[in-house]
Amino acid sequence: MTVAMRVAFGGRGNWIGTALGAIAFAALAAAPWWGGRDDLQLLSEIYAYIALASLWNLLAGYAGLVSVGQQAYVGVGAYSLFALAILFGVSPLWSIPLAGLIAAGLSIPVALLVFRLRGHYFAIGTWIVAEVFRLIASQVSALGGGSGTSLPAAVVIAIAPTRALRDVTMYWIALVLAAAVLALIVLLLRSRYGLALKAMRDAELAAACSGVDVYRTKFLVYVVTALATAMLGALIFLQKLRISPDAAFSVNDWTAFVIFITVIGGIGRIEGPIVGTLVFFALRQTLADLGTIYLMMLGLVAIVIMLAAPKGIWGMVAARFGWQLFPLERTVLSEEPQRR
Amino acid sequence: MPEALLAVRGLEAFYGDFQALFGVSIEVARGEAVAVIGANGAGKSTLLKSVAGLLRARTDAITFAGEPIGGLPAYAVAARGIALVPEGRGLFPSLTVEENLLIGGQLGRPGAWTLRRIYELFSALGERRKLPSTALSGGQQQMAALGRALMANPKLLLCDEISLGLAPIVVREIYARLPAVRAEGTAIVLVEQDVVQALAAASRVYCLQEGRVALSGAAKDLTREAIAAAYFGV
Amino acid sequence: MEWINVILQGILVGGLYAMFAAGLSLIFGVMRLVNIAHGDLIVLAAYVALVVAQTLGIGPLTALIIVVPVMAMIGYALQWFVLNRTLGDDLLPPLLVTFGLSVIIQNGLLTVFTADSVKLQAGPIEVATIRLAEGLYVGVLPLLQFAVAVAVIAGLQLIFYRTAIGRAFRATADDPAVAQLMGLDNRHVFALAMALSLAVVAIAGVFLAVRVNFDPSLGPARLIFGFEAVIIGGLGSLWGTLAGGLILGVAQAVGAHLDPGWQILAGHIAFLIVLAARPQGLFPKVRT
């Protein structure tokens, strides 16, 4: 006999989080009026990292796919945009979603290959795939080969006629894209795929026995993440106006920092990457002058947190106080009594 | 009364929040064979694992040769002369039969049990010494696990359900070897669901029921009815 | 004849790749840990060898006598104090900790030695060649490296299958809890395994130092080559790892011969082909 259930998401803090989010979004959307050029650029970077870290979190913390190769899709997204805009004359802004689709398409054969590896070997396999893309990109002389190329003036103008307008346009796109990524992740986790992911995260074998199609769910998450990551990559390099294989496929910029952010903030929780990004940028703004010492400290912090507080900063906070900003915990509200 | 070799006093054991043992106390004298019987889930294996150090116990709950060993990690307990034949045998699949025996003697404690004596006691093992341990039958694997524990020349041998999954004739074969072990002065604790064999091999019996000692006494003194009552909690 | 030369060079370099891989394979076999800092540790060993050789004025082969024990001790300490805490069912902690370690080592080396390339001089042996046949010459040093690589793999096989510590490694890998019942302290066994791995890393690092101009950034590529060799050869088999290294070396040599820019890419492609066609590797050891 089936049981009718009503499920509610989130607890008391539900509407507080949503309200805070709405206020923050409005304040940030108004940034062109209260911030200068540098502020807009810094904020855009922060949005990009929040989104990248959230996507990595979805992949590793929820789907259990620990990838050290997401820079592949940042690079593919960036190079797709440059190729579309420079070689095929597509409008740079429309190239962003197109780049995402190209990357999604590429991610399918890649997934078919790397999904043959498990655990740590999967991680390094994804890294190798990223290296393959990087090496291929350096062979494409039409886009500058190994040293890369800059966005021609004609394409830059196509974004928007004046520099000020370009800054604002790209800032808003960055904000909207990051918000969209977060919204996508929340929606995914609230859907039946989300329930499957949570089950898989906790106990994959048990989940499979309960009828969760583990392979398909992971595949879907991988492709969706690739698409979103590529769009972010396209936007990032559109803002930089210049591309090179080493920058587009940089392990440090797009994987190491992203991983540190997620670890420090807290894996497997949506709020984690946001907290982590803020901490990361706070550290960067104050310590980056130290150069290599700063990077060593980052590594040390990641190690210490992994050993001492594996759930990250938000993980500790949430466990202590039971907070959630994003309503995701499912509560069964009522059941019809079962006939015995 | 001579001091007991193994003294367990008020032992409690938990698996997470679930309590499996509620203040169990047993004693084993030097060279004695003691049986611990009880239904599934009564806590027999938990008792052995706690003594062996696989499960954390309070320091003073377990005393061996006068020394408190509760709370010591398993490798430290093994170093003091306790050998556990684990439930399910626990042979190492990557090692051959002989290598499994050799690693049992890893600690290098001198004593009567050598590779040659083990092969004398269990001829089936000698014939298969170079085979991977996975190639043995269930009974042979049990002999190998027993032999491996003996190679440590322990003062106390803990046997966790050595009859499990084996045909009666095989079980009799294995139990027929135990007197040779007793002859060396090794004390044995036999955790068993096969009550008949356990009672025949041991001089004293404890019956566990839902984590507590329900009955104890000399094997020859206990009646069938008393045992059945304690076993099933009637 | 030209192609024979190419393949020969590939085989010789493959021996070095097999050495990169052997340490990695050993650690994964014993404790299911993939050390992302493995390549950086090879580079660290190269720098240690450089410092030892320059300070004491000795040759690289003599420097091995110091570098190997030093790296082994670093390995033991690393495992005991840091990596042992990451072991468990979750694969994120060891991956992230070794990733952090990789960043620390690379940047630490950068701080101390700067990004300038350096090389360890081995003297006249570096240019000596042997004539195998008409038009077929092979360098003495590469040949020596290859021989040492084969010896290292044979040595590891010996340790694993013919010694008590090897039994301890295999038993602890099979079942850490039952291994404890034998009196084996898991923490100590794992630390010894890491010490052994880094001893091999030390040898690989010295050979790397003599062979190429190196700088702190070379680590990740060595990790990837080692990893590719392990996967091509098949998990669980040391001789398979040797074969994997040779195949990778030959693939790279062939690629380089067609176009110098394709060297590394050719290696990656060979890896991907094996992954696509025979994911368990060419000579996997079947394990339960």
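All chains are identified by letter, namely A, B and C, in their written order; residue positions are counted from 1 within each chain.
We take it that a contact is a pair of C-beta atoms (placed from the backbone, for glycine too) under 8 Å apart; a residue touches a chain by one contact, two chains touch by 3 or more.
This structure is a prediction, so every number in the text was calculated from the model and none was measured.
Core chain by CA centroid proximity to the global CA centroid: C. More inter-chain C-beta contacts link the pair A-C than the other of B-C and A-C. If each chain is reduced to the centroid of its CA atoms, subunit A and subunit B end up 54 Å from each other.
With centres taken as mean Cα positions, subunit C sits 44 Å from subunit B. Per-chain Cα centroids separate subunit A from subunit C by 33 Å.
For subunit C in complex with subunit A, the residues that touch the partner chain are 28, 32-34, 36, 82, 85-86, 90-97, 99-104, 107-108, 110-111, 220, 223-224, 227-228, 231, 261, 264-265, 268-269, 271-272, 275-276, 279. Considering their complex, residues 60, 66, 68, 113-114, 116-117, 119-121, 123-125, 127-129, 131-132, 135-136, 138-139, 251, 256, 259-260, 263, 267, 292-293, 295-296, 298-300, 302-303, 306-307, 310 of subunit A touch subunit C.
If you check the complex, the residues on subunit B that touch subunit C are 52-54, 73-75, 78-79, 83-84, 86, 90, 92-95, 99, 102-104, 106-107, 134, 148, 152. For subunit C in complex with subunit B, the residues that touch the partner chain are 164, 167-168, 170-171, 173-175, 177-186, 287-288.
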